[in-house]
Amino acid sequence: MSSNTDFEPKIIAFVCNWCTYAGADLTGTSRLKYATNVKIVRFPCTGRIDFLLLLKSFAQGADGVIVSGCHPNDCHYTSGNFHARRRWIAFRSVLDLMGVDIRRIQYSWVSAAEGSKWADLVNNTVADIRALGPYAEYQKVADYLEKEGYNEEA
Amino acid sequence: MSKIGVFICHCGENISATVDVERVAREIGGMEGVAHAIDYKYMCSDPGQTFIKEAVKKYGLDGVVVGACSPRMHEPTFRRACAEAGLNPYLCEMANLREHCSWVHEKSEETTEKAIDLVKMLVEKVKKNKPLDSIKVPVTKKALVIGGGIAGIQASLDIANTGHKVILVERDPSIGGHMSQLSETFPTLDCSQCILTPRMVEVAQHPNIKLYTYAELESLEGFIGNFKAKIRLKAKSVNYSTCTGCGACIQKCPVKKIPSEFNAGLGTRTAIYVPFPQAVPNKPVIDRVNCNYYKRGACKICEKTCQVGSIEWDKEDEIITEEVGAVVLATGFDVKGTDFFPEYGYGQYKDVLTGLQFERLASASGPTFGEIRRPSDGAVPKKIVFIACAGSRDPAKGIPYCSKICCMYTAKHAMLYQHKVHDGESTVFYMDIRAGGKNYEEFVRRAIEEDTVNYVRGRVARVYEKNGKLIVKGVDTLLGGEQVEIEADMVVLATAGVANCGSEQLAQKLHVSYDPYHFFAEAHPKLKPVETNTAGIYLAGACQAPKDIPETVGMASGAAVKVAALFSNDELVREPVVAVVNRLAPPLYSTCVGCFMCETACPYNAIEHEEIKGRDGSLIRNSARVNQGLCQGCGTCVAFCRSKSIDIQGYTNEQVYAEVMSLLND
Amino acid sequence: MKKLRERAAELLSQGVVSLVLGYEEGTKRPRPLFCRNSVNAEKLIFDSRCIHNLAVYITKKELVGKERFAVTAPISTLRSIMQLFVENQLNEEKLLVLTVDLNGELREFTTFDEIAAYVAQFELKRGEREQELLSKIEGMTREERWKFWMEEMSHCFKCYACRSACPLCYCSKCVVEVNRPQWINPWPAPLANMEWHINRAMHMVGRCTACGACGDACPIGIPIDLITRKMMEDMAPEFGYIPGQPAKQGNALSTWKLDDREQFIR
Amino acid sequence: MKIGFYPGCSLTGSSREYNESVVAVAKALDIELIEINDWNCCGATAAHAMNEELSLSLPARIMAMAEKQGLTEVVVPCAACYNRLKVTQHELEDDTKRSRVIDILKMPYQGSSRIINVLQLLEMYGAENIKAKITRPFAHKVACYYGCLLVRPHSILKFDRVEDPQSMDTMIKMVGGTTLDWAFKTECCGAGFSVSRTDLVAKLSGNILKDAADRGAEALIVACPMCQSNLDMRRGAINKTLETPSDIPVIYITQAIGLALGLSAQELGLKRHFVTVEL
Amino acid sequence: METKYISQSGIEQWFDAIVTSGKRVFAPVNSRGQVDFKPVKKLSEVADEYIQTTQSIKASVYPKAEVLFSYEKVNGKVNLTDFDPESVPETVLWKVHPCDAAGFKPLSAIFNWDTTDKLHNAHLAKTSVISFSCSAADESCFCTSVNGSPGNTAGSDIQLTMLPDGGAIVEILSPKGEALVALSPSVFVADKGEKKEKYLVDLPVRFNLEEVNAKLNKAFNSTVWKEQSERCLGCGACAFVCPTCACFDIQEDAHGSKGRRIRCWDACGFALFTLHTSGHNPREHQSQRWRQRILHKFFYMPERLSVVGCTGCGRCSRACPVDMNILEHITSIAKQ
């Protein structure tokens, strides 16, 4: 992997309100620093996170995605994270079959008490995505209406 | 076109130190649909809120975004302000510029740009927000208190005294908890049982309290105001309605060598037993693990001695269901055993005790009737060493926190020892003396000055036995780091207070969060110390963190007040963040096709079947419907619904989609 | 076949059912037949060439009406019917299922359990075509798979024959027709097509019974049935179900196990 | 039964008797020891305090050589060597450190060989065999002295109980001995100062010997060359610190077992000790 | 209108000359187990043995989705970029069947019915059609029943009729055709007097178009639509492969302050096609949509636009997953 130092990846984090959002709040109250590349979108629960949002994110230019919620057994809603976990198992499998780069989706469990884990997660994911480079393969086809365009560039 | 008002907070300098707040307000002001954008030093202050209220009226805002701290902090504040200005509170959203931006980044262009993005995201969200009405649900005015220690007792009595019903569930055969095991209490040295037992009796006799001892919570379903608790009543094997508590069975029970839990293993009890003489209820249970009959199928001596025929051999565990509106968790704590400490002999030296065991030795109701005697040979120890912070404040042992009560009870122990063994010599090894509290410091000083307890600041490296003595090797860090070696007769470890066993499982049953040490987590460390993250479940006492009796009682009363406040309303107003299945004009009626896969996905059984019928009464389609009382708003069904027929208010598909797109569209 | 025709004629003439959904000879191969009277029952055929999944019609009220009806079903159709039962789309009282077993005997089912017991003896296997294509795809690198599918997807013109032919795509409003928000771009374009097919695969997780109807229907020959089939094969051991044996235990994605895999979660 | 063998420097010098007894006992138990080719210093000198890369590279090379030889299990009798190898293996689980060390070594290193000490070897592969082959029960009351390097840091070595190890005691009991329950099993012998501050060694080792003597030990059993040399070679200096001079011999666990198996004092190197061994 | 002869090697030379002229050349190519029009550079890429391409040349001439205009809002001002006819590349369609070429007439009739369609006309203007008369047909073909024939030259700029010697009769039918010939004039030699008809497949007329028209005039409320459409799945396969189907949808592709309006193919067979916002759908049932499809091609278009909306290519029958055989259905209507 070559590191691409000029490239600032766009990363969106889909997090649950009760664990990871609160965990990221704790990162703040603890004044731990992390990269500015990641922007958090708040959901009530990881169970709420639609796989289509991840697809749309890539199509719209995200280079990476973080999905994070409560640890197993800690879900505020008992089992939303278990449902989410299954959904991601299947989703990763579909994406991998279709040739989508699943390394760009980082799943994690970050509890409300893991402020430092959140900072690490963001920093590591930013570093990983930076190393992978922009997700041009996906983004460039997003606007194409016809096949020729991508064939020529490919 | 929307008319959104945006209010950027400096939070003193908490945000403005790293984020160019003026630029944020300026750029957001140029956004499509933003009618008004300002920045201000403290948006949450009165003048700040007034700005919002005035802007709502002046510009006829149909949405408000406050870029400030975490919505987990001030969302209710700003929503209330909007509501007061006549704007539906659910048209107000917060962008988290402090915890998620200014506090976690250095001052830079990127930080300001991120702040702009975060606000933009919420502006796009708020454009799709819809006015919502709060949901009203009835409140069951009965509380469930789990744990019958002093915390549970206090909470139960306080709630019961407000006129509401209480169910008190205790795992052991008697209520009383750790406090009933204590000899005297600091800093007054009054007898623990003397002040506790009247409370225990009051619980037993209170008309509003239903006491279930030898019982455990099986499961809890539902939500604030409307919980359904399943409680397992473990088989006592004794019929309490006929048992007179005469104790004849206990006298005759042939199994006598079971280590007594109440005496922290220092005494023994029988298989049919009452944990201690002042137990409430003062009736025995049969410990089936140790009972000869249950073990080998023969004995039944107790049955023969029982004059009223109360022994019920075939009694099985019973599960009852109680509907309650609130839950108070008061499950207390536990202490590490001496076997946790390899350096102090892995628990194999009989005369190395925990603080709790020393309490039993010192207690008049204890195995030695209050005389300090060595468990090994019954001799009165002439030299005693107390080791504070045994486990606590020791990250290597996995317990980095301070157990809080040990400094005080160690001083008390040393004092009690000196009072009982006049020619005895006591030494306390300590790290720091933490005696914050009314009369606490004075108490410790008294131990040192009046009772001549030898306080050594340093840690103990090792304790080993030699020639019937316990060799304590430590260091005195105040006297040039000299090594200290004491030949003691008894060593007392102030072992760390830890979460009670099973607390993790219990937390999972109740869906409350817990910290890395398995203590239950309060909703806010400062402002919501008795609430949990789950509405309607409150905390009392040491299940949240180790604490002493006055603090525990105070917290229990606090939790009781929260419950009483909840019960003061007939209806409860809930956030309308719930799922809704769409309903459309004919001929579709709904895009829900009734596959009911959401039913299996819902953790709250909130999905109901609805038959949509035509005017002629014929069935048009089966559709799902969400019971808004049961729905807790997790949204799992929303992400699962293939036809997007369910949506969740407050986090609708349109809202979250707009948020994500705003971050990516340039 | 004779027995089937006789039984169909009998059911129709006695008024037991108002419709027998079956197959008749078509231009090049058998095609679906809506047989509403005993005379037409003479046209009914049932052999190995009958591969249309007639289960696609049985959720359409305007076609099957409110009365009881019968459907002739080879194994793949039976599997779909089972899944439709699981998804609360069928009424046991209104459905009669006819099939011809390996010995040429006519079999009739009315309940999920009867069908399940019969279907249990048939193991779902890859055919030659599936085996060949899937091993080719399985042998590709991630980048090659992306190129392969993007090339295939570039041919898709979104006629939605795949959706129309699938017995389990019975939504009255498909997610691609939902436009607030517009989750999937409605025009045919390589990525918009890819999104549609990824979405379809996700919606089929734990539901697809690998009947192959979608791939068969695709007019431009994209092997889309392999996507859902491969998902079915891969997710079966993951979530503990038997491919082609729908069970009344809730959908794979609406249930969960404590020990579901999570090595990928940091 | 074949197993890799890393003797290290002590076993070829000051502690030859340890080497002799390990080899003799292994032979008696039908365990074939295969010495690692071209082995080098384990770095248990000052190296590991001075230069981290060197401290990891030295043991890593030993293990890389073992991997090259296909040795999946390597017995390391010297406690210091054992400690260095185990700690290195642990440290090199970190990818960055591992790739740095591989860069230095210019050799592949996987960390796949299992590193065991002599006690583990005897426990895993000899226990049954030993019981069957006892010809002369080791009927002595002894104090098993473990020292520091065999059991610490526990989080890495994960061997035995940290403050009160049992494995040597079990072994001695198995060959017919009785062991003391005493307090100095893991106390410091002064090893770190064995050259620079021999006065401290004398004092610390003296404490150990005194407690063993007080409790009536006939011998001290060790599994570390450093402990052995401090307690044995420095006896003169030690005795000057004690009220009652001690003549308790200090023998290796392998020597004790060898005796039980009927091996001769010669074979076990028992004649090489400073304090005469008469057991 | 001029007829010439071209030898086998002449065809090769001419083809190369067209390619070198820089025009895009689309021809039937066999790939992925299907024959379809694709950009080609060499004559050897062109498919030989097949009856019909899966998709009509519509797919090569008109993009499935096409940008009508795009816009960007900068500082409150909207910059609009309209469709540029010049952006359409010069395209030559090689080896088009007469039934495909014949489709341009009905398409133009629809697109220029009341207003002229800039996009359609731009594509048409930039397209030259070299058709090959048909020497083979299958059971789905019925051009002769809809005013066409295997040697129909309507819509073609040049038509080739292949001869057994590998050469061909060349009919130069339009100025665009002449321009193509001019790319390699030497390979075209004088006509050898071969009769074209001799090399055309014999395809009997299957139904009388006027008879059908007359029947359809009274068939709106017939039960035939329901009977025929029962097995129809309501997908759009037939419409998308049809050379004359012209239904389209307009979609917005908006991203924040920029966006574009896209025209993409649609099909009258989709339930959503006529769905009103209110929820009302004038063509609620598949039978109504099937009726629309048949009436539109065989009744409304002849009546309003004086052109039959079907060229008899038979693609819809071949593409249909459930064998909705249009020939069979029309024949049965004619016989009623």
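A few notes on this one:
Read from first to last, the chains carry the letters A, B, C, D and E; within each, the first residue is number 1.
As a working rule, a residue touches a chain if its C-beta (ideal position, glycine included) is under 8 Å from a C-beta of that chain, and two chains touch if they have at least 3 such contacts.
On a predicted model such as this, the values are computed, not experimentally measured, just so you know.
Chains making contact with chain B as well as with chain D: none in this assembly. Using the contact threshold fixed earlier, the set of chains in contact with both chain C and chain E is A, B. Seen from the C-alpha centroid of chain A, the farthest chain centroid is that of D.
Centroid distances built from C-alpha atoms place D farthest away from chain C.
Chain pair with the larger contact count among B-C and B-E is B-C, by C-beta pairs in contact. Closest to the middle of the protein, by Cα centroid, lies chain A. Rounded to whole angstrom, the centroid-to-centroid distance between chain A and chain D, based on C-alpha atoms, equals 51 Å. Chain A and chain C have centres, each the mean of its CA atoms, that are 33 Å apart. If you average the Cα atoms of chain C and of chain D, the two centres end up 69 Å apart.
Of all residues in chain A, those touching 2 or more other chains are 51, 56, 60, 79, 83, 87, 145-146, listed in ascending order. Under the contact definition stated at the top, the residues of chain B that touch 2 or more other chains are 588, 601, 640, 653, 657, 661, 664-665.
Of all possible chain pairs, the ones that touch are A-B, A-C, A-E, B-C, B-D, B-E, C-E.
Those residues of chain A that touch chain C in the shared complex are 51-52, 55-56, 59, 72, 79, 82-83, 85-101, 106-109, 121, 124, 137-138, 141-142, 144-147, 150-151, 154. Against chain B, in their complex, chain C makes its touches with residues 87-89, 170-175, 178, 180-181, 183, 203, 250-251, 253-255. Only residues 588, 591, 593-601, 622, 640, 642-644, 653-654, 657-658 of chain B touch chain C when the two sit together in their complex. Per the touch definition, chain D reaches chain B in the complex via residues 161-164, 182-183, 211, 214-215. In the complex of the two chains, the chain B residues touching chain A come out as 70-73, 96, 98-100, 103-106, 108, 110-111, 113-114, 117-118, 121, 508, 511, 513, 515-516, 521, 533-534, 577, 601, 603-604, 632-636, 638-640, 648, 650-651, 653, 656-657, 659-661, 663-665.
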